[in-house]
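First chain A sits with chain B, and in the next complex the same chain sits with chain C.
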Partner chain A sequence: MFSYIVKRLGQSLLTVAIVIVSVFLLLRLMPKNGYFTREDYVSLDKEARTAYLRNLGVLDDPFTQFSRFMSGLAKGDLGRSITVYPRSPVLEVIRDKAPYSLWFGLAALALSMGLGLGLGILMARYKDSIVDGLGTLYVTIVRAIPSLIWLFFIQQWVTALLGWPMLFYEDRPISWILPTISLALSGIAWYAIWLRRFMVDEENRDYVKFATAKGLARGRVMRGHILRNALVPLVQYFPQQVLLTIAGSLLIESIYSIPGMGGLLVNAIRQQDNPLVQALVLLYAVLGVAGVFLGDLLMALVDPRIRLADARTKGGEA
Partner chain B sequence: MSETTILTAEGLEVSFTLRGRRLAALRGASLELCRGETLAVVGESGSGKSVFAKTFLGMLDKNGRIERGSIRFDGMDLAQFRSERDWLSVRGKRIAMVFQDPMTALNPLKTVGEQIRETAALHRGLDRKTSRTAALETLERVGIHDPELRYRQYPHEFSGGMRQRVVIAAAIACGPEILICDEPTTALDVTVQAQILDLIKSLQRDLGMSVLFITHDLGVVANIAQRVAVMYAGQVVEAGTVDEIFRDPRAPYTWALLASLPQLGIKGEELYAIKGTPPSLFKEIKGDAFAPRNPLALEVDFVAEPPEFDVSPTHWAKTWLLDPRAPRIEPPETLKRLRERLAADRRRGSAVAGGAKNAAQGGSR
Partner chain C sequence: MRHTIPDVNPELFKPARFDEAAAELSGYARYSYWRSTLRTFLRSPVSVALLALIILLVGASFLYPIVSPTDPNLVNLDTSGWNSPPSREHLFGTDALGRDIWARTWYGTRTSMLLGLVIALFDVGIGMIAGALWGYVRRLDRFMTELYNVLNNIPQTVFLILLAYIMRPGFWTIVVALCSTGWIGIARFVRNKVLTIRDAEYNIASRCLGTPLWRMITRNVLPYLVSVLIMEAALTIPYSIGSEVFLGFIGLGLPVETVSLGNLVNQGKNNFMLYPYQLTWPTLVLSAITISFYIVGNRFSDASDPRNHV
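Let's turn to the complex of A and B:
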């Protein structure tokens, strides 16, 4: 197990390093005039532009820039935003915005798992019944219709129906409900359909028949064998989903005006805010890779067969 | 022999609905299982032997149902059981089953010990600690060394033969009266097969269980069983003691089955094989189901289904050949060789079953 962790950790760090270097290098290939706002670009003359760029440090050779970036990173300094939030430290920008995305994301994830797994269990338990049919209908609707349509529908109609605010207000908890639900809808569908599928898969396995032949009641076989084994492939994605809630949702945050992380990366790229892009890509890469890494660890924890590589040397065969 | 009988199946008819069509898997199958005996059910693939066994546990697939017949066990008719509640008093507790493929019969994510403990806790109402002790004892009983360590291991840490021992342990953990073994050695390699057969034999002796042993391997039959039921196309066509079936078979299908034993072949001569294929169970079968493949079939075989004729108190067969009006038809020459070998074995003083075992074992594996 230990060597497995070390190996996976090494792979994860390497992935993050590759992502950082490649994003860094790609950003240096972009045209320099992206560093100006339109007004600045027009109003400044050539020398002033060069001075501005030199001041930003983007005229130094890439190695100098990279080592500056890395040494800043070591000190916990991610640099300052250039165009999106001029001169604000990137860390501060993230610190201001991340909590919104995180809390909405976590609430939605809890909702997705609770309702989604519940629905999945019901659909598998009462396969081919009306429950299963309605569940499938829900999943199909959520996944087939572009989310923009039902998201707007919820915002327009449900708020009108219940008299709730259409936008997010930090001081009015009632305005938090719809964004959370909107955020959870596709998650519910995801958990439900996959859990159902894995449970149905497990249900047809020999060991389930044997467990039944041993005299275990269906409910116990469901809980103790089918559900437990069906959760294994889902467990893998759990850490990733928790960590990446911080990235927020572009769509939902923008329609409800939530000041979260949702559109930040897109804006930063569009306005060529290199320090911000670098910091965000670094953050998301670390979180994403950490999520996969933790997911693998969790898998190894719940599935003894993954520990096989280590166990084999101890000799289990008889 | 009703007081020695533990389970009686009579005229069992089971059908499955497959894509809107009805498949008659059992067409009036009957058998009697006696206390403390091992009864082998033999037949080729698709003859309905597994379906037969599954009805005793109420484990037919969802699209299958018992249409007619009875399964009497301890004053109950298992064929009438509908709800899970009914079955839970019997299944796994009084009638247990061992599956064919030990590689898939165990939950890969649960420790071996837990899967045995589960049965003990459930049926004997034991708490965690005592059921653990019971599971450890059972592991030891099925010949697994170092049970304390093995208890904590997972199925993938066991070899095929060892897994089958675990499956058997899980099945017998609550001391069932009947153990159904559905081809328990088919998926194992030859050396391990013999060990598992010996294990089943010794467990049966020690625990006084009745064993219903499903197999298509006649060598295994001779090794393990006292009585044999031969199945064809969803019916038992002949039943008797191992001695009677091997030395004095009466049904043409049993003849054909025995004649195709590779051991009876003569070097250089082509091995006997039954011509044709079993009848489709989707269609209505008229007369004797084996008649179309039987070169010795009588005219009546194509018209009417033969009843069961008693040959001795322990031996009966479903064939018109036993009707007093039937012409005298001799079993094929090859079977004389089997009889001679059995006789030779007997002269050498070995037990009948042992003799049949020697005659029948080896090539059929």
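Let's turn to the complex of A and C:
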């Protein structure tokens, strides 16, 4: 167990390192004039531009830049934003924005687990009935239609119908409801469809037939046997889902103008804000890799049949 | 110890006649994988109807530009023709520049379908080969797993924006960007499938019986993979169409002068308050396509599972 954890930690570090280095190098391929805000580029002359770039340190060779980034990282300094939030420390930017995404994400995750697992159980319990059909219809709509479209229609129609504010206001809790629900809709569909599938799979197993033949009530078989086993493959994804709530949702945050993390990475990349991009990629890579790692541990914890040494070679389910 | 045999009816010991019809009833030899898959698939009227709808919509989008003289980019210089509601002349109305939305919808569907098909082709093609190698060559496993972790953790937007710089935003930029991360998901799926199939009991049995490799591949492994791959291809199309809409929204999609479903949705969205038909009609066509592909893909994957054939 211990040696497995050490080995996995080493592997995770390697993955994070590769991601960081490749993103770092990719960023250096961008054209130099992307580092200027539009006004700066027009107002500065050629010499001033070179001086500005030298000041930023982007004229040094990538290796020097990388070692500077790493030594800053060791001191807990992620640098300052260049173009998106000129001259503010990256850490401060993240600290201001992350809570919005985190709280919305956690609320939506709780909602999607509650409703999604409930829907999945109902769909499996009453398979091929009207409940199952309606659930499938919902899942199909959410998963097949591009989310931008239904998110937009929900915002337009529901706010018009109920007279709720169309955008997010921090001091008006009623404006928090719609973004949370919108955020949860695809999660509900995800939990419902997978739980249903795993429960239906379990239902055909011999041990379930045996339990039924012994005379156990159907509800008891469902709760004690089928549900417990069907949840195991889903547990694996839970840590990652929790950790990555911090990344926010680009679409929902921009539709409701929530000042969260969602659009930050895209903006940072487009405006070539290297320190911001690097910090965000580092954050997301660490969280993503940690999530997969914790997911494997959690799965072994929940299901005693899974031995950790096998987890890597088996590679899990797709 | 001796047992005496009691009197048994000698009728029971007459040899039975060979009954050809009864033999075929259980005859696995006449089992054809594809015929059974097709039969199971076509049994459901919903699948057939949606398949017909797909053929109709895709056919219409490819035929319309040939048949109709309407130019989807023709700007109406007369302001009275701008934002006109649906009418006999303009079935879906016109947009803020007086362009015919009916024509734009079909041209856009064609662009988006082409995009989806090309992406599906590349994703599935590369994913299949890489996944098969990943599953069969054990030494590749470490490298591919690491590659998978890395590709999964590099934000797609980084690729996309870099590619936009190198190649300019356009059709092939989106293809490369979506495929560069899409193939490995399919490869991983194929790899897991190959791993389980390769060591499944019936394959070990075949190997012990000395079945030649090509027969094992064509009869034992390929049927499972082909159905999975067709399903993946079918599901990649709604995914690519959705991605194109999303990329248009964050400003990294096809250039605005290209007519595509993503651009239509994003343009229609901006005028939704005043002219809702500019969004709703193209959206209906788009949703019909993505939902049909999604359901048909899922139905086909159910039908292609040999366990559902009996």
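By definition in this document, the second predicted complex is superposed on the first by the 307 of 318 C-alpha atoms of A that agree within 3 Å, B and C clash if a C-alpha of one lies under 4 Å from a C-alpha of the other, contacts with A are read in each partner's own complex, and residues count from 1 in each chain.
Keep in mind that, in the parts below, contacts are C-beta pairs under 8 Å (C-beta built on N, C-alpha and C of every residue); 3 or more make two chains touch, one makes a residue touch a chain.
Just so you know, these numbers come straight off a predicted model, no measurement behind them.
When the two complexes are overlaid on their common chain A, residue A:Asp77 makes contact with neither chain B nor chain C.
Applying the stated contact rule after C-alpha superposition, one finds that A:Ile145 touches chain C and leaves chain B untouched.
Between chain B and chain C, the partner in contact with more residues of chain A is C. Once the two complexes are overlaid on the shared chain, A:Asp60 sits clear of chain B and of chain C alike.
After overlaying the two complexes on the shared chain, residue contacts for A:Asp201 are found with neither chain B nor chain C. Shared-chain residue A:Leu14: touches chain C; no touch with chain B. Judged by the touch definition given at the top, the superposed model places A:Ala217 against chain B, while chain C stays out of reach. When both complexes are aligned on chain A by C-alpha atoms, chain A residues 317-318 touch chain B in the first and chain C in the second. On chain A, the positions that touch chain B within their shared complex are 205-207, 209-218, 220, 224-225, 228-229, 232, 302-305, 308, 311, 316-318. Looking at the complex, you find that chain A touches chain C at residues 11, 14-16, 18-19, 22-23, 26-27, 29-31, 140-141, 143-149, 152, 156, 250-251, 263, 265-266, 269-270, 277, 281, 284-285, 288-289, 292, 315, 317-318. By the touch criterion stated above, chain C contacts chain A in their complex at residues 145-146, 149-150, 152-155, 157-158, 161-162, 165, 185, 188-189, 191-192, 195, 238, 241-242, 245-246, 249-251, 265, 269, 272, 283, 286-287, 290-291, 293-295.
Residues 57, 59, 84, 88, 91-93, 96-97, 99, 101, 104-110, 115, 118-119, 122-123, 145, 153-154, 156-159, 162, 167, 170-171, 174 of chain B are the ones touching chain A in the complex.
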